[in-house]
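Have a look at this one.
Residue numbering begins at 1 within each chain, and the chains themselves are lettered A, B, C and D in the order written.
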Amino acid sequence: MSESKLKGVTGLPDLGTRTDEITIFAGPCSVESEEQFNEVAECVAGLGLHWIRGGAFKPRTNPHSFQGLGEDALKIMQSAGQRYGLKTLTEVMDSAHCEMVHSYVDGLQVGARNFQNFSLLKNIGAVTAESHKLVLFKRGFAGTISEWLAATDYITMEGNDNVVLCERGLRTFETATRFTLDISAVPVIHKQSLLPICVDVSHPAGVRDLVPPLARTAIAAGCDSIMIEVHPDPQHAKSDGAQQLTPSQFEELIHDLREIAAVFGKRLV
Amino acid sequence: MSESKLKGVTGLPDLGTRTDEITIFAGPCSVESEEQFNEVAECVAGLGLHWIRGGAFKPRTNPHSFQGLGEDALKIMQSAGQRYGLKTLTEVMDSAHCEMVHSYVDGLQVGARNFQNFSLLKNIGAVTAESHKLVLFKRGFAGTISEWLAATDYITMEGNDNVVLCERGLRTFETATRFTLDISAVPVIHKQSLLPICVDVSHPAGVRDLVPPLARTAIAAGCDSIMIEVHPDPQHAKSDGAQQLTPSQFEELIHDLREIAAVFGKRLV
Amino acid sequence: MSESKLKGVTGLPDLGTRTDEITIFAGPCSVESEEQFNEVAECVAGLGLHWIRGGAFKPRTNPHSFQGLGEDALKIMQSAGQRYGLKTLTEVMDSAHCEMVHSYVDGLQVGARNFQNFSLLKNIGAVTAESHKLVLFKRGFAGTISEWLAATDYITMEGNDNVVLCERGLRTFETATRFTLDISAVPVIHKQSLLPICVDVSHPAGVRDLVPPLARTAIAAGCDSIMIEVHPDPQHAKSDGAQQLTPSQFEELIHDLREIAAVFGKRLV
Amino acid sequence: MSESKLKGVTGLPDLGTRTDEITIFAGPCSVESEEQFNEVAECVAGLGLHWIRGGAFKPRTNPHSFQGLGEDALKIMQSAGQRYGLKTLTEVMDSAHCEMVHSYVDGLQVGARNFQNFSLLKNIGAVTAESHKLVLFKRGFAGTISEWLAATDYITMEGNDNVVLCERGLRTFETATRFTLDISAVPVIHKQSLLPICVDVSHPAGVRDLVPPLARTAIAAGCDSIMIEVHPDPQHAKSDGAQQLTPSQFEELIHDLREIAAVFGKRLV
């Protein structure tokens, strides 16, 4: 099959193609234990994927909810990364943690709630300026694309342009989904920026059964990357259980997504 | 390729498959002349598609904008439908027009602005009760999915359940697109209703170059139908010129979409 | 006290004052019986107010909810209007009812769901062109002020400019209130239009106890009119019971509002 | 006049009264120079008000916009506070600045963009735990009231419950105002929390002439505090010039607001 499936048609710009790889960021919402994290890491590595994600510091609406294992989680991630040959990605919530987090993982995530926490953005830019480690920058749920690109400059002007933008759903009046995935952000970002665009399909879904269709749409929209939450035992997850896939569901989904990606001349890594 | 690409994974419901056909509703925003409409009809028929759409009565924000050709447009549509072997679809805005419109076309559309115009919904249900002609019912741009399904009952309880729901984008704060396409509505509707779901990819795009990627995402989301605006000369269109494709762009897009649909075990009609 | 309280300050336009009267449109959500309506009418008239409102045709989200008493309600309203010396206001949902409704009442309301039902707007404009009866035109819950003023032209260009605009809350993500009252719409309308602006304080409140504070803010914002729902027995109301005041609560509120209005050099009628 | 104007009516809770004082937080968006700040401070003190606000660290969408004078601004504020007998309020954007900012001013502000920057909230709570200095906590422009109260716990659980909540407008589709002021938040907060509620009337207005009507509505809604931006020369302000009042406009407005507040048994401080 030709590669035209992600190209624009004659006279229109090509908003779909960038590279021939789609990077998968999979892993549990929260790192809960070595056993839990390793089980997911084994699954991810077994599928030939390159990255595992997990939450060490959790931005919880309620201060009395589980707040993450902190540095212990980072150690679990680092160790699993080494054992299974995976790169690791985790969220940083506090400028004071940037150095420490940077010393343990391969990629730093800025969450939606810190979309315009400009101090954090600058700190992350500075701490990664030399290493050029990946920064995954999530869109705020009320952030415009224009504000998103402007905020990205707070990171890149510190010296690191290895930034992946991540669409994760907008807050609207609709309650059938947890957030309203703005899938159009993918081609719009391709039009306005040279940065790759990831789609977090778990948070807008909010429930497990919407994850597969949203992952398929992300590929068809031309995304460069997908984030999917995976947990060995979602029923007992300490956060966001309803939207996490089991490893076997994730495996099955990846097989399907690989066939779909192939149609667009892409492969999952 | 197996059909699994649109199925859920083990333990999750199948939100993607319904039939193996994806119906394309293509045509100009407004019917402007016999020549204009026939040019699109020829293109649509030449591609082996079954339906052509066009606006006869236009719901314009400004009363001084072009309001459509009215009954003359219906005659042009009927004549083109007969000449090119196409079914015709047009919007009804007024209960008083239901009978007349019904006598000319094969499908009646309810536009987003009449999402909760319950009198119109009941009248359309009643006028099509015997013919069972197709009713394409667009979601309001601030309508919840729950309200949408409730409003659908106003049509079906009159005796016609040949209703196609049509997602066309929500109104949000984001201005990079004309409306925010709620692509998740496709699997959500598949979960909550037996009715087919169409995606209007032209109105949320607002501009031509976003139409191809949105059409691809609609298929990947599992849609049963797609609406695309096509105009022989978009630059001089009397409404919504910026988002309409030329016939040759449309043709190229349909070729691509056919290959993509095939991956999901579907074909475009 | 001087009138400056609603004026702008030096160098800024005066967005607050228009006339020295604030018209109250009070009455039950739905006309349910002669007895029910008369009880409210007696209360309203006893307070020296001029208008009573009530729903005859109800735009209900669910087709199986109470749809209103229709023409019977109009007869009840007309009779109560004559008995208590009140003008009557009711919503029209269908162009086919315009003439009939016009023959019974003194004011016609366009509801939020028909904000861009342009056929209805034109019909209401036409049917009131000679009588110049009042048309209360509610903003759609996703309608911009710019669209609102444009839609108003559909009424006025038919020959009746006796239109009162009515803000009734926007649909947002916030669920603590039924709708998000856009109180800024009052001064914005005063800036952009010569038409008077009413604030429906019952629908955005959604619950009874928010009605008094919202009514006070409407006056302070400079509104020309307030709509408040009143029911003799809200617990058993056939629609929107939670937000309706009892006659005695309404009476107490009007006394307070009168004192507040006086501060701004206005009086309630 | 009795105090009933801000009370609920019989059978409804009193959502309006809390104390008999309305605290005004006035001052320039950004502290730009000693001269500029002192001019505003003199005006504020001359009116018998107690607080002056000003921005030292500015959260700017664009990293290339003016970012504030930083610690120099804090020194200017401290000095003006001492000279004019005013308490000072400024925004903290970075946990690393908490101690320093705390050492200069009387009140710390959390801006809308840091609504769910939980690390910052905890740090501010901790740094003020002993001093009990005032923390003004602005609602995020897509934050629900429920999330707001939950986030407040991140501050108070560190030991300081001297928190003033501040409504400053939501992000919606409406562009006639900069943000959509959610005036209903005032009575809702009074219903759900014991904390005082401030209304920032400058940011939702976006333009100067909407400030007076919004300030009046804030009082009528029962607010405990109002924030208003004042600049000696708004035309040349380094940020948000269009919405800032001149000192003389501010003075005139305060005179009017005092008369209005008196009606509700309140006085401005």
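Here is the rule we go by: a contact is a pair of C-beta atoms (placed from the backbone, for glycine too) under 8 Å apart; a residue touches a chain by one contact, two chains touch by 3 or more.
Source: prediction; values computed, not measured.
In terms of the stated touch criterion, the partners common to subunit B and subunit D are A, C, listed by label. For subunit A, the chain with the farthest CA centroid is C.
When the C-beta contacts at A-C and at A-D are tallied, the pair with the greater total is A-D. On superposing C-alpha atoms, the copy subunit B sits rotated by 180° relative to subunit C, to the nearest 5.
Remark: subunit A and subunit D have CA centroids separated by 36 Å (rounded to whole angstrom). Per-chain CA centroids place subunit A at a distance of 48 Å from subunit C. Centroid to centroid, with C-alpha atoms defining each point, subunit C and subunit D lie 33 Å apart. Counting partner chains per residue, subunit D shows two or more touched chains at residues 142, 171-173.
Only residues 1, 4-13, 15-16, 142, 144-146, 170, 172-177, 180-188, 191-192, 204-205, 208-210, 212-214, 216-217, 219-222, 245-246, 248-249, 252-253, 256, 259-260, 263 of subunit C touch subunit D when the two sit together in their complex.
Against subunit D, in their complex, subunit B makes its touches with residues 171-173. Residues 59-64, 93-96, 113-120, 140-142, 147, 150-151, 153-154, 157, 171 of subunit A touch subunit D in their complex.
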